[in-house]
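Each in structure tokens, the structures are laid out below.
Here chain A shows up in two complexes: once beside chain B, once beside chain C.
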Partner chain A sequence: MLVFCRAVVRSCRGVTLDNIRPFHLFNDGYSVTSFHRRKLQSHITCNVCVTRLFSSQPHNPKVPKVATWEPVQDDQLPQPAKIPADLVDKLERLALVDFRTKQGLACLEKAIRFADQLHVVDTSGVEPMDSVLEDRVLYLRNDTAKEGDCAEELLRLSKQTIEEYFVAPPGNIPLPKREDRTALLKHSEF
Partner chain B sequence: MAASCAAASELLHNVNKQIKLLFPKTSCVIRRISTTADRWDSPTQVKTKRSPQQLVGVVGLEIHAQIHSNTKLFSGSAVRFSSPPNSLVSFFDASLPGTLPVLNKRCVEAAVMTGLAFNCTINKKSLFDRKHYFYADLPAGYQITQQRRPIAVDGILTYSLLGGLKRNQVLKKTVRIKQVQLEQDSGKSLHDDLQSQTLIDLNRAGVGLMELVMEPDMSCGEEAAAAVRELQLILQALGTCQGNMSEGQLRVDANVSVHRPGEPLGVRTEVKNINSARYLARAIDYEIQRQIDVLQRGGTVQNETRAYDSKSGETIPMRDKEGLQDYRFMPEPNLPPLIVYEDNASLLPGADVCQAVVVHEIRERLPELPSVKRDRLVRTYGILPEHSFTLVNEEGLVEYFEAVLRETKKEPRKVIGWVTNELLGQLKQQDMSVSQSPISASALAELLELQETGRISSSVAKQVFQEMWTSSGKTAPQIIQEKDLGLVSDAEQLHNICQKVVDSNPDEVHAIRNGNKKVLNKLMGLVQKETKGRADPVLVRTILQEKTSS
Partner chain C sequence: MLSLTIKEVSLALREGRISPTELCRKCLNLYILDYIPPFNATVVQKLLDQGAVLIGKTNMDEFAMGSGSTDGAFGPVRNPWSYAAPYREQKGVEPQSDWVISGGSSGGSAVAVASLTSYLALGSDTGGSTRNPGSLCGVVALKPTYGLLSRHGLIPLVNSMDVPGIMTRSVNDAAVVLGVLQGLDVKDSTTIPAPPSFTELPEDFDVRNICVGIPKEYHAPGLSDETVAQWSRVADMFERAGARVEQVSLPHTQHSIVCYHVLCCAEVASNMARFDGLEYGHRSEVDSSTEAMYASTRHEGFNDVVRGRILSGNYFLLKQNYEHYFLKAQRVRRLITDDFRRVFRSGVDVLLTPATLTDATCYSDFTQEDNRTRSTQEDVFTQPVNMAGLPAVSVPTSLSRRGLPIGLQLIGPALQDNKLLSVARWIEQRVGFPSISDFGESSEPTKREQTSAV
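Let's look at the complex of A and B:
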């Protein structure tokens, strides 16, 4: 469920990749976006071929060998979600991503509609999983210093440094008010 | 502490004056609220004064204790205070893509040990979560913490306050500990307002923290400060946190609200930026009073974060968070659940013993906790409870006290005064620690032994102590010999001196002969003055009694 939602958010981001704010500490904004793009692709491939290529377990007969798909009737789903402007504001603020375009909003609403199908699945009595690793033993490390001392290398990644410090803007830059932002984003309107 | 109460009452006084100016007709109900001094100094009076509609403070604390470990919580970079900026940062600490957290066993053991010290239930399975927020000193954009299932829950902290008229009554109080959770520390930001930029040092980013959440069981600043002090002593005894507040190893946020007893809790504010135990009490008492004032004026308390300004002694609202924070908690996908085991028998077959955190083993290693130590001191040596607090509060003082006792036959109840008054007084005056004392435990024992065996008087002993302090290295016998401070016990010499005193004070002698035996003490004082305190008091008394009885 979680992974799924994140994939949706990412596909939303895909629409307005150019609007992603560059990350403060690392000037290499391009590599950050391309990192997301790669992830996005890997999600798509995952969703398409569920042949469990990398599974070490013998195939479980309860799991179908190929993905099966049954469309869910619209009347089985809850009312389609409407995204009020305030919520868009909040989401943009939380994710530091702008998607206030017609297409961006449509994409988000479509993604939520897609996820609505999960409401049909009966999960009563099923404990949710945190991760596929939850039955693995967590490795514990001994308390001996083995890393660090690479300030020079790290500082080289930063656009701006002073002495041995990274330099960031003061505090959190407050996002512009909605009206200002609409004006700001006019150019990105389709 | 006394100072803080005084400050609080002064503050109240001023507030009252203002209120009288503002609302001359309203009767001031405000007077005795939260003045902790009042409450303890005159408990009976307070009972009658307290009406049901009176507002009282409610205080809960959130404490971040830096784990005393060699390396960070999830990376192998060293933990050290005041190192060159960004020199203790691994790729993981800088959140470079592709790096993964690797949990430090020591940090888990420290959290378990701390939980056990507070009688917590240790969760055999605990979980890690991500808490998201954007700030430059948190390069990942999220903090790894334990929101859903922390490592330890449901503990209790017992602390004591000194109350009563002479502040020598020990009042035991408890506060419930909701949970102990493991989480990462953030980096440090240096704000350069002039050039409008922030300098980031990630040395602290990723250091292991134990967040201890206390239930709102306290009612004033003094209680909170006493609870924090006890917590600090416990953590230091365990060695799980060094507890130095000025270096940020122990950071306290206070949740403060006011309500009428029996009614639901009021709207709370969070007071941050409290970086010393001294300010903790003041900040809380200020905030309680501020909220009472707001309510008395008919206003409402806002749920907000406030910072304590130690210069003005006030709390001020911090920059408004834009609406309600949404941390978007989610399970940390890179860390499976953390499992700890009750004993070796419960280890899973095939599990690596070196990897396992075994609660039973940690329980065995628990050291003597401060409260147990205090009880033992009172029981073993017959000293007063308040003295046991003084001893335990000062690092190394218990050991010093016990070392002195090993080398002298002097009674512990007499030695305690020397240690807590003379020694500690000098140390405090010069801002020194016990380990820096120029007078070693055995040197003090030697001095006390001389007094005990009657070689010097107690006033001379104090004089010698001062000499020893300033001329370090000289032993007590050396100083006594050099300055000729030994007790005069030559009977003939004392006889002469006593005779002189008796002859020159006929009135006093007359009074004694008429039955007023107390006047003898005056004559004794005169003899001691004559001998500069070196006369053997027992001998002098006998001689004087002899000379005044006929």
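Let's look at the complex of A and C:
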């Protein structure tokens, strides 16, 4: 049901009526508690939703009007960490992922710089927190096997298996040097 | 599924012509990822046991890393409100090129519910990945208390913060689903016993007994004036109805996102170590050595975002940095949790905050910045809740000037999910958020079904 009423006109002060096609009764600019929403017929072209904001409503003083964050100055932070190529290499070996492009390195440096902001917080006397459930005793079940015997199903998921074994390439061979790694990755599909 | 309509798929599932596992296989075989899980996650199994019909799997950011659902292996997710009349009929908007993001990382799930494709969708919430798209797509998105829902079967991102998220179109539905899913699970030792739940949320919740807190630090830089106006509007609603509304302070909020960033990268680096290609999943052809195979498998299987986080995480976990970054972040985490505890102990029942900075951004604008920057911007209001393990729900309140949904977030004390939902329901009954079915022609829903649900 389309309803134009004085209350709506009054509270639409900041917005032209061209944009408004209200179809609910409004009470001081807010919809009433119980209303019936009817499916609109296609002849009612609505280019604006009923609960359009009325910017002329007074602002609740409990809600902060402006941002309350204090920007962290550069001089409050420690020196920006420089990541030498050796460290990148070490990280790549530890993580077994590569991030060889300049953009990747820049991303890592930005991430570290962002994390440096932690140091403006005073945490003296505070214990590290591992888990939010630290003050509870968690349930542990008895060490009795309740299910299993699914070796075949699990082996089916692997690409290379022989009988009941997962097949791995030879181990104890360190990753090739950085220059050779590029060649290795070039041959991969991506 | 890509050549069938949703109706055909769901009928096939109901009639037993196809099982959910086979359905997965049919979808995934078209792409390189060919891991078919040999078991159902506990939350999925509980739904199936109740007779729920699984109609599909949804698109998301790869490994749930992102806040826009733009970095998935299957392409970005489009917000269905981009195609509804209020957005489409603005001057100068070209829906094919100016479509807006759905938020992330569980964007596809939010879209499935928002586009009326599905009654319910599950997502994951580590830093706001359920509430962010829920708010941008105009659906109710619940992040339950940490430990209430089992994480068995949820691919872990950050073990100490992950929670399966619930997305529905109404708060009542979310409460029903929560009732089904919550509870101890022997397969997940981080689950806690569920408190007795209501069979139904109260129809007429009396807000005169509650105190709503407005944390002043939640007006972060970049918050849109429309969201502030909605925040103020709902605060007014509470006051008029007789609730006590107070401004409170959570002083460490500003540093929460930094803390989250460090902890997330560190736990991710550890959790992603399981993907080596040996026991399951993609495996590279390189087999000169185990390490070489692992390295090239992970290079092929992970996108830049994932690799970036793993590397950052490994940096923070290096012996020389462990105390400086990781332990420091854990200490800040305790400060943030204590902030919340103090506020709730002082008599506040729920906190009312924005859920996102603005309404949904255009995809073309969103991709101007990299994933990490966007995550640090978009997750500001949602991740402190994950750090403290509290329940939170985002409720859509109105459409913005651009015709896109704006949502607000309610945060409650741990294990008081039902009270939180009662308050959320109270808001939902009064804000009059429209249904997407009120706009657009009748031929629109079919098109939306096939494009937005993957």
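In this text, the second predicted complex is superposed on the first by the 110 of 190 C-alpha atoms of A that agree within 3 Å, B and C clash if a C-alpha of one lies under 4 Å from a C-alpha of the other, contacts with A are read in each partner's own complex, and residues count from 1 in each chain.
The working rule: a contact is a pair of C-beta atoms (placed from the backbone, for glycine too) under 8 Å apart; a residue touches a chain by one contact, two chains touch by 3 or more.
If you're wondering where the values come from, they're calculated on a predicted model, not measured in any experiment.
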With the two complexes superposed on chain A, say which partner A:Pro170 touches: chain B (first), chain C (second), both, or neither.
both
Looking only at contacts as defined up top, I'd like to know whether chain B or chain C touches more of chain A.
C
Using the touch definition from the top, say if A:Ile162 reaches chain B (first), chain C (second), both or neither.
first
Based on the superposed arrangement, let me know which partner A:His59 touches: chain B (first), chain C (second), both, or neither?
second
With the two complexes superposed on chain A, say which partner A:Ala151 touches: chain B (first), chain C (second), both, or neither.
first
Quick check for you: in the superposed arrangement, does A:Leu140 touch first (chain B), second (chain C), both or neither?
both
Check the residue A:Leu96 against both partner chains and state whether it touches chain B (first), chain C (second), both, or neither.
both
After superposition on the shared chain, which partner residues are touched by A:Trp69: those of chain B (first), chain C (second), both, or neither?
second
So which bits of chain A does chain B touch that chain C touches too?
24, 35, 94, 96, 130-131, 133, 136, 138-141, 150, 154, 157, 166, 168-171, 174-175
Which stretch or stretches of chain A touch chain B in the complex?
2, 24-25, 35, 90, 93-94, 96, 130-131, 133-151, 154-155, 157, 162-172, 174-175
Which positions of chain C touch chain A when the two form their complex?
35-36, 38, 85-86, 89-90, 146-147, 160, 184, 186, 189-192, 214, 216-223, 225-226, 228-233, 235-237, 239, 245-247, 252, 254-255, 258-259, 261-262, 265, 269, 273, 276-281, 283-296, 298-300, 302, 304, 307-308, 310-316, 318, 325, 327-335, 337, 370, 372-373, 376, 387-389, 397-401, 403, 414, 429-435, 437-439, 441-442
Of chain B, residues touching chain A in the complex:
69-71, 75-78, 84-94, 96-97, 102-108, 127, 132, 134-136, 139, 189-193, 196-202, 319, 322-323, 326, 328, 330-331, 333, 335-339, 348, 351, 355, 357
In their shared complex, chain C is touched by residues of chain A numbered 24, 30-31, 33-35, 37, 39-40, 42, 45-53, 55, 57, 59-60, 62-70, 83, 91-92, 94-99, 104, 107-108, 110-112, 114-115, 117-121, 123, 126-133, 136, 138-141, 150, 153-154, 156-160, 166, 168-171, 173-176, 181, 184-185, 187-190
